[in-house]
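In the two assemblies presented below, subunit A is common to both, partnered first by subunit B and then by subunit C.
Let's look at the complex of A and B:
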């Protein structure tokens, strides 16, 4: 909140740290170690931006000499950056590989020659341990700041945070959501194999396997064909190895592809669509709620009518229609249709969110400090942004976190119907659809595991929303949030 | 009681900074049309404090909000004029109002608990108005905010400036609210019951503070309250409001020594300290009526101990209570008291017909 910003303006944080450096230094040292472990990944991320075209664009508009100097300097920096990004890091597949082959004397080319299942489990544990340690340390940083360096010894936000600290159900939601986000962010590292090798282009990648006393090579595609989960006749279920020595933590799909890799990458697109759609819908809802709360009357009525018209349309059917209509448009090629879905969910998501925060916004405007600010001539835009929006954003967070679950269900539902996100980008709904013929057979995991995962994530988001709500408004404790979730699910 | 030199109140050499003339603010509800402010007129000169006193619902606050342009739908200023240094305010656009608010006229609200935003520090809120009106930012704004907090008598201002409203006591908070208003450097300060939520000792401190600030900055203050004791303390001139109208207006000493309108007499009769102990206090029977139709009669007649037949038929207008006292006016058919009653009624009838107004939606 800008209250903090104002304080930095008064007396720089630097000065307060200089007066009492111990806690800050201790915190920063641990943070530095944590960052150093993944430093090259950070550099990698920065280097992955389209610097070359940017530099090229600038150089084209400069005189010859300068342009040469610029591209030269850029080249040197890029070289250095590449060198940095090649430094060893903790969380890579290469450090703890799980792909190998089993000879008579045991496993070869896996991590410490451990069985792939164990190697994979170690890598997953390390990733999650690192991610949680990092997040915990960020939280510790906030606590250190609050205890040692913040000027005010209490702010209204503290109460909200402290209430969340005692809210077990909300914490459960927070942990589930965090695990989901980590799954999405570290998907390439977490999967027992990679998206490119296993799912996107299996016939251009090879694997080694051991057969008849010698190491042979085969394409991944060929191995996949032999690893299909096809019901009772042939099945590779939870925690199974296939004939090529590959480990499948939650089994294979009916195409023989690895389900866990599929889920991890599917989490990415679910999260992308959810977050982008909520950002669009929430942004529209917040702006509109400020406008309607300030002007009230006719403006409010028009917005009510508009949102009613939007809500009167069955959302999923409209989405299906638009998805089909725009199927050949260039926008549906972005991220296998994910961008289009995010836009549609966002544009159709504002009425519900706006309805939810319209009341609180109207209520907050009635406070006397709004009158007071207006009476000293504050501009309407600043008035609403500074004195109303911070209160409303809390409510928006609650409903956003609850409707994000609805959007994920919607996305999965569309892919289940064969719409929305198209292959090769994995989407959980498609896994459910492909496994529905096998639900009663030995290959039940194809549908059930993604289905359970969606349920768990949606419950997690709803629980987090409950927690935020109870933290913001202690009086609401125990009230039901089912309506919002149901509305979000369309 | 204040010791205002009669010389300063009778001598009105300065031009008024704020002139309110026949102001009418009406609320159009589905059920009825409420004339919350119905033909109010008064002037304020620089350095002068004009008190407006009346019961709850008499239209004091609506008058203040009309002057600030803060009347909200379904309310509207439908007639009369408000002039600030001769400039008409009632036809201002939103942008023009924004320039007036704060910089020219600032307001202190009743409840210091709710007129500060609890999520920002006190300093932040003072700086917000400093930035708007004096263009100060960063260090300069912080220093000025500290000066203002010291000016309103808050000790240890450099520390206090970084505290949140809840860390202030009631009186401190009202001082902070006054500091926010002063940060705009206004010419006119409207105080809407600023001491009502405070206890008596703090009240006295705030009144003293306002008095000092007024002398320092030559502020014109419009002071709204229902407390006659507070009015006696701070005002130079008092307007008594009843059901949307000013029914008596006089310099403060004159009003307290020599109340003319039966309503004012009733109000003063109900103050404990002014009346002999041991006797039960006088009360005014009944309630303030809702002014939902044009006044064609005296709105106080129902409760008036001295009402007579014409009170139900003639609307009293403001007249000098006697020829010798031009500063003291009352809207009552009993006055001017140096003519016969019939002549007085006739005077009100003829003047009333000239100012009759109709309110259209």
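Let's look at the complex of A and C:
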């Protein structure tokens, strides 16, 4: 047994690569190039963590000499990090700027003096091309590993992935979701302007514009006031320029702020709330499903009662209640209330998810190999983690993907009511609320575009869930009641 | 275990559920970071006023004493009165005023998807992979992904300006002259035909929107259920012995295909209650949802607590109703579980 292990199982990946380095090196070389293009952004991200307070906290508890050494070393590292994060990178606003002014001879200070619309479109294309290339290369990495370095030449997961490769509807969902995630991750680069300058503090930022033969300067706030979409009397719709030469891909809000920038940053908070809430709810649901599937009986009954109790309180009603009650609590100040919403959606999300995976968990436990593992004397925790959880996680993914849509709709609904995510952090529901008087007028875009965006993203998440379900369980014929329970929106 | 002892077991098990929900409501509202007395009085209240309110509400007692008072009051259905929204009006009077609108809206919101979503889903399931199936399925997928309140906003604005937008069709004067927004009128006497029509017409847009996600769900699940039942062995058997198609569909497929739809229909109840807040806000229908929202916003804590209790009771009752429906449609259920 141990000889077999030494020979086949425990040989580290490093050795396997050393025996046949070619595919791995080729893959790694391309990956290095891709990473190098955005390396400084990566450093930037790491540097944006609150290192200073962490180091300070540690240094306070150390003797004098050590503390000085530590802060000194930390300072050097921080300086080096700052230098690294200032290295040039591919995806920045500065490399392909779209803000400029139009003189008689054409556009000035935009990318290659192109019109802002074109410059912006190029930047968006470059960002999406880079992101998709990166993701494709990660996928290639998996394929290289599977072909050259994995011992097993077949695992059940391969079949699932192959089924997903033929599943057009699921792929549609995956692409929509990926584009949404890219929009959220690269929001500062993708917007025609920035959150800081355009939405959060427009009166401390200036723009240049061209009027009467000379370049003038105005605050963004003043420019916004002249760019309001107010229905038929004054409107800046899809793909329009305002009087200050600013390009608005999907028009402006009723306050004159740029809707695309608003949407891009709104995608960030939607994604944040959705992912954190699903992580909390799914984590509780998974752990509980393992416990109830193992012990059954009374434990299961208690869990059923607990989930019934949570489900007996309508989620949106409870969220309204808690959001109002905690309005002045410090937790509401984190990410403009986004953290609170994520926690609440997570805490009220587990019953639906647990109900959905309880059945599969109970079924998996009935299998003979579980009895076998148990009779070998495997501990319950190891047993459930290694032999049951992998199967249940697949089902959890289906319902998680479907309930993210419900969470996003719920978040938007709360923002529509004026609760949840507060200004200045953009939230799609708030755009719908601010544009609702203009739906039948020329400024229809304020409400309609965010609503369509939500619909598209939710369809995407549902389609992805469909794809995962058909990949995991090809015998299933389609929708089931559990999905409806998990996906219940608002 | 007979149907009735199964039912009795469900009733007993619902007690801890109600106790938990009500306790949580108490903790959030009375033991949380807000002071109910200060919330009722709003800004600029003096300590003396607050003390007076606290004494009236019994908030001077220790927390466990307040908790016992709250729980016994709720379980004895002493729901108290409103303090801010309509001060010194009992919750029962407010219910008489607000609840009929929400019930009327909810009833249509359940009925409309039932009579549109399920037939469409069954049609799609009976004719899978046809153009009709694809249209219905895709429509259902998009329909249930749309945010309710967004749909409500669009419908409301389009209907308010229907004469300009809908090619001369005027919603306001269609059948009877009504407003687009605002609570439905004539709910007191629905037996009167004119009242019935105007009340239905006023609530219909809100109900359609409120039921939209259920409609999509019922369609999808109805399609799957139909597909699965249609391909089952006993249907093949019925076909083999020469039963006419109509008999097979109505007698053998229909009832079995309904089983997976029951939890969907009742699971929507929670969505309906929650969604009513948003839809009533958009259409300015002064119903229960809006009352709850206003009571929270304006700090009417005693009213909000009582309403929450009523919502919990409603959902628990619907859950029990669901299980009862199960035992009627699928008699195996009650016996199987023991």
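Operating definition for what follows: the second predicted complex is superposed on the first by the 470 of 490 C-alpha atoms of A that agree within 3 Å, B and C clash if a C-alpha of one lies under 4 Å from a C-alpha of the other, contacts with A are read in each partner's own complex, and residues count from 1 in each chain.
Here, contacts are C-beta pairs under 8 Å (C-beta built on N, C-alpha and C of every residue); 3 or more make two chains touch, one makes a residue touch a chain.
These numbers come from a predicted model, not from an experiment.
Engineer: Consider subunit A as the common anchor and indicate whether subunit B and subunit C clash or fit when overlaid.
Structural biologist: In the superposition, subunit B and subunit C stay clear of each other.
Engineer: After the superposition on A, what does A:320 contact: first (subunit B), second (subunit C), both or neither?
Structural biologist: In the superposition, A:320 contacts subunit C only.
Engineer: Touching A:416 in the superposition: subunit B (first), subunit C (second), both, neither?
Structural biologist: Second partner only.
Engineer: Who does A:86 touch here: subunit B (first), subunit C (second), both, or neither?
Structural biologist: After superposition on chain A, A:86 lies in contact with neither partner.
Engineer: More residues of subunit A are touched by which partner: subunit B or subunit C?
Structural biologist: Of subunit B and subunit C, the partner in contact with more residues of subunit A is C.
Engineer: Return first, second, both or neither, reflecting whether A:68 touches subunit B, subunit C, both chains, or no partner chain.
Structural biologist: A:68 sits against neither subunit B nor subunit C.
Engineer: Tell me the contact category for A:204 with respect to subunit B and subunit C: first, second, both or neither.
Structural biologist: neither
Engineer: At the CA centre of subunit A, how far apart in angle are the CA centres of subunit B and subunit C, to the nearest 10 degrees?
Structural biologist: One gets 80 degrees for this angle.
Engineer: Determine the nearest approach in Å between the Cα atoms of subunit B and those of subunit C after overlaying the two structures.
Structural biologist: For subunit B and subunit C in the superposition, the minimum C-alpha gap reads 7 Å.
Engineer: Where on subunit A does subunit C make contact in their complex?
Structural biologist: 305-306, 308-309, 311-317, 320-322, 324-326, 328-329, 405, 409, 412-413, 416-417, 429, 432, 436-437, 439-440, 447-448, 450-451, 454-455, 458-459, 462-463, 477-481, 484-485, 487-490
Engineer: Would you tell me which residues of subunit B are touching subunit A in their complex?
Structural biologist: Checking each residue of subunit B against subunit A gives 68, 70, 73, 94, 98-103, 106-107, 109-111, 114-121, 123-124, 127-129, 132-133, 138, 142, 162-164, 177, 180-181, 183-184.
Engineer: Which bits of subunit C are touching subunit A when the two form their complex?
Structural biologist: Per the touch definition, subunit C meets subunit A at residues 13-14, 16-18, 20-21, 24-25, 28-29, 32-34, 141-142, 144-151, 153-154, 157-158, 160-161, 164-165, 213, 217, 220-221, 223-224, 227-228, 260-261, 263-264, 267-268, 270-271, 273-275, 277-278, 281-282, 289, 292-293, 296-297, 304, 308, 311-312, 315-316, 319.
Engineer: Quick check on the complex: what are the subunit A residues that touch subunit B?
Structural biologist: Within the complex, subunit A contacts subunit B at residues 1, 3, 6-7, 9-10, 151-152, 154-157, 296-297, 367-369, 371-380, 386-387, 390-391.
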